[in-house]
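The first chain written gets the first letter, and so on, giving A, B, C and D; residue counts start at 1 in each chain.
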């Protein structure tokens, strides 16, 4: 009998599957479950010309803009809620040039659905009467064959590689979020390749003991990367809270940069992106004391 | 201590909630959140509160320690159900109440979270993005527009861009003509006033003045001509019970009283 | 502080909410999780003129056809798999006249989605090139504004009352299937009123201890009916297997009827529908020994 | 014991499966199910088997006791994931292999599960319904048509109704012209023959004769003119390993050997 294969790979190998110019899908939600370990590897390697398709985004997208990695952005939000309603690179974009295809969450969901449902378009009521059709070439007006007013329809958005953070997976790629799945399942289904970083690898038996908790069956997952604390500084469901301090450190550096003082931001990249050669080096740079302090309250 | 404008805003919101309503509580909107929680702890124990991806019931909670942090994954501990965003998008047509913010809000309740400027490729200010508002406000049964800034900068004649459509260019049938299933914006809630929309034109109209603001101040700080009724009614003041629950359970730290 | 209200009601009260002529949505899947207790009450009361919108159906729809309750049928399948690829009332319909709006599962899902997404139509690739557009007035051809070939689009299907069987619920209407949800979530979301019958009522604390298991949050549920063994003779996930014997008893009676011998079918209605005044009377008529014998193997 | 036609059908199916394929195993199709399980237990341990609402891995199972009952909720005990039907419909474009049955199958692989007759309101025979086939066969990367009845009643010139479209009215670009993303039917598997579709016309063509059938018998029992190649190749017989796994683990009770 032949054996079932493992899909667990190293973080560096996973990042190597994402070339310059790729369309990447980023999972998570604002400041929770962001696949930061994988994204930091892409930042370290200064991947260029990316199209970013993302669920409501946190400061990771702001950072990628700051590093000049983004050519096109399709996301309904970039910010960190109360910590920072908009990121520093919102301000006139600091000279970074890239295109934005405006979507709200409903429109994004519709574009992803059109992709994996194999249909050429889907109507989206949320775009009717708004500026979205003027600001997004994927949206067009269409008459209703059943006699109602015209509607806006959205074309499919295809993703080359989806990058997702979750709680746990087995070696075959059965992934469990142990909490909300957010838009991760749709981003995965719209993608040609899906990489999931997890806090913990578990046995197939553990997955089978709670199959209704499986949020991405192995069918949807091409590779799994073990990355404990891999969502830091965003929160990881059931594992740790967001690191508000580190986010504010970035915000201060970004704001200084926009005011002409580039040193703090350069220091930030050096300390958290470029000097740590590996994910574990990054965690050491942050400090384990600090990481452990982010443990969830009861 | 006298009742603050923010407390009045919360009490007004609370009174809009019917028992059993399905309500999505947005993130980083502490005053509407306080209003919804106040309703939930008084007359609406059956309200279905959707926060992020969680359906929660919060009536058993004694007091809330941080209104700015209600909408984070920590609410998972109160969850009765966890939904995917896809399921939540599917559910918007069933939703009774939601809230829309805006960096610009126009006379007909259209709002803008996209940005300020005329050239989309070179905005003067880039907004946070539409988040979920475009689709939610198209479909939800009724919604409320909320802003912390009652000024001509926010309340504008015309939005530079529209992330949600309220009453479009006016008229009671504006949304029907667009085919939008949702009931549209009902009130605009600011620190100076509660505003509604005139029945036939759907132009924004002053409903209540929130002290210490005055009609003159409100008119001066609105970037378009507000409809001012001949006689402006006064909002029924908070009851003793409303104020007690608001101050001791919903907002014990006094965020709405300028303390937190 | 005011108290949260219970939505638990009696089976008879739930059935009374479904008038003649209603559009009902039936959950479950072929021979599993069919809301038989509620449907038997409707059969007992000989509800007339129903439009039935159903996930792939088992013999319950065949029975409702036999009793002359159905005016219009929208379902991708009626049968019992290996036990009976088609039900007795498939054969020339035995003189029962009603309309069929042909759908496959993908088309049905699309019609339900159009309803709760608030859009006037949704494309459905499954209908392209098939006979479905000729056989279903809810389907129309439409040009693709993005330049591809024309597609078939489906109009929304609205349901008055959804009838669903699940494992458990609390008194507030938080429902858990403890297994597959099938199409039940979509049928519920497309319905104006949702009634769920459950094997077991559990505490709100038990629901909260496993919130990711909640398949229909109380928001989607108007009434809960306690009906242990309520899916019989279909299977109930985690509770009991299907009663093949009773299904075959019905099939024999139906086939006799079609061959001119009406007595067996009349006997079947008398024994299992009309004589038992309540759900418990029905269980007694089937026999508790027999019911307990359907317990799931390990 | 000699290899039966049904065993050959299963072995043929097994060889169509690549390791890692995502396969939906339909209900009440024991022969294709046997084929998929045979592949899974030999060369395709990474196949993703979707049965009803469950994603399963069955490589650890020693032997299957009932091939007619594989696709029932009891498979939940082998589940790694449980999916809603909505999620499964969303996933069809990713699916590699599925099977379509038909009460009628025409020359271009269009199939009918709707009914027999000309008047849809007064059918001579009412079929079971399209089940999931219309949408799955529009989208799945490739599919196989399966029937237990190789006769002119099933293999017809033209289906009375179409529940799935195969190669429409013929031609290699038939599906592209319709805009269907899926790869279309690859083979038709009957107890008498394995049939494929000619490259340019996509008309059904005899590929393998399954003993004891003969070419003449196949032609006589097909309701339209089959394409018959000049030289008909023979299907590579089952290997010892295939037959051993099929008979001892997949079908120990001998359903495919006429025993069960």
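We take it that contacts are C-beta pairs under 8 Å (C-beta built on N, C-alpha and C of every residue); 3 or more make two chains touch, one makes a residue touch a chain.
Everything quoted here is computed from the prediction, not taken from an experiment.
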**OP:** Can you give the shortest number of steps from chain A to chain C, where adjacent chains in the path must touch?
**Re:** 1
Subject >> Comparison of C-D and A-D by number of C-beta pairs in contact, larger one >> reply: C-D
**OP:** Express in whole angstrom the distance between the two chain centres, defined as the mean CA positions of chain A and chain B.
**Re:** 29
Original post:
Whole-Å distance, chain B centre to chain D centre, using C-alpha means?
Top reply: 55
Original post:
Taking each chain's centre as its mean C-alpha position, how far apart are chain A and chain D in Å?
Top reply: 39
**OP:** Please list all residues of chain C that touch 2 or more other chains.
**Re:** 113, 117-118, 120, 124-125, 144, 148, 151, 179, 185-186, 212
Subject >> Interface hub residues of chain D, defined as touching at least two other chains >> reply: 54, 76, 82-83, 89, 92, 138-139, 179, 181
**OP:** Can you check the complex and tell me which residues of chain A touch chain B?
**Re:** 29-32, 55-56, 75-79, 81-82, 85-86, 90-93, 99-100, 102-107, 109, 113, 124-132, 134-135, 144, 148-151, 179-183, 185-186, 235, 237, 241, 296-297
Original post:
Which chain B residues qualify as touching chain A in the complex?
Top reply: 27-28, 52-54, 68-69, 71-74, 76, 82-86, 89, 92, 110, 114, 120-139, 161-165, 168, 177-181
**OP:** Flag every residue of chain A that touches chain C in the complex, lowest number first.
**Re:** 117-125, 140-142, 144-146, 148, 151, 153, 155, 178-179, 212-213
Original post:
Where on chain A is chain D touching in the complex?
Top reply: 1-5, 113, 116-118, 120, 172, 174, 185-186, 189, 204, 207-208, 211-212, 214, 217-220
Subject >> Interfacial residue positions of chain D with respect to chain A in the complex >> reply: 19, 22, 41-43, 45-46, 48, 50, 54-55, 57, 59, 76, 78-83, 87, 89-94, 138-139, 179, 181-182
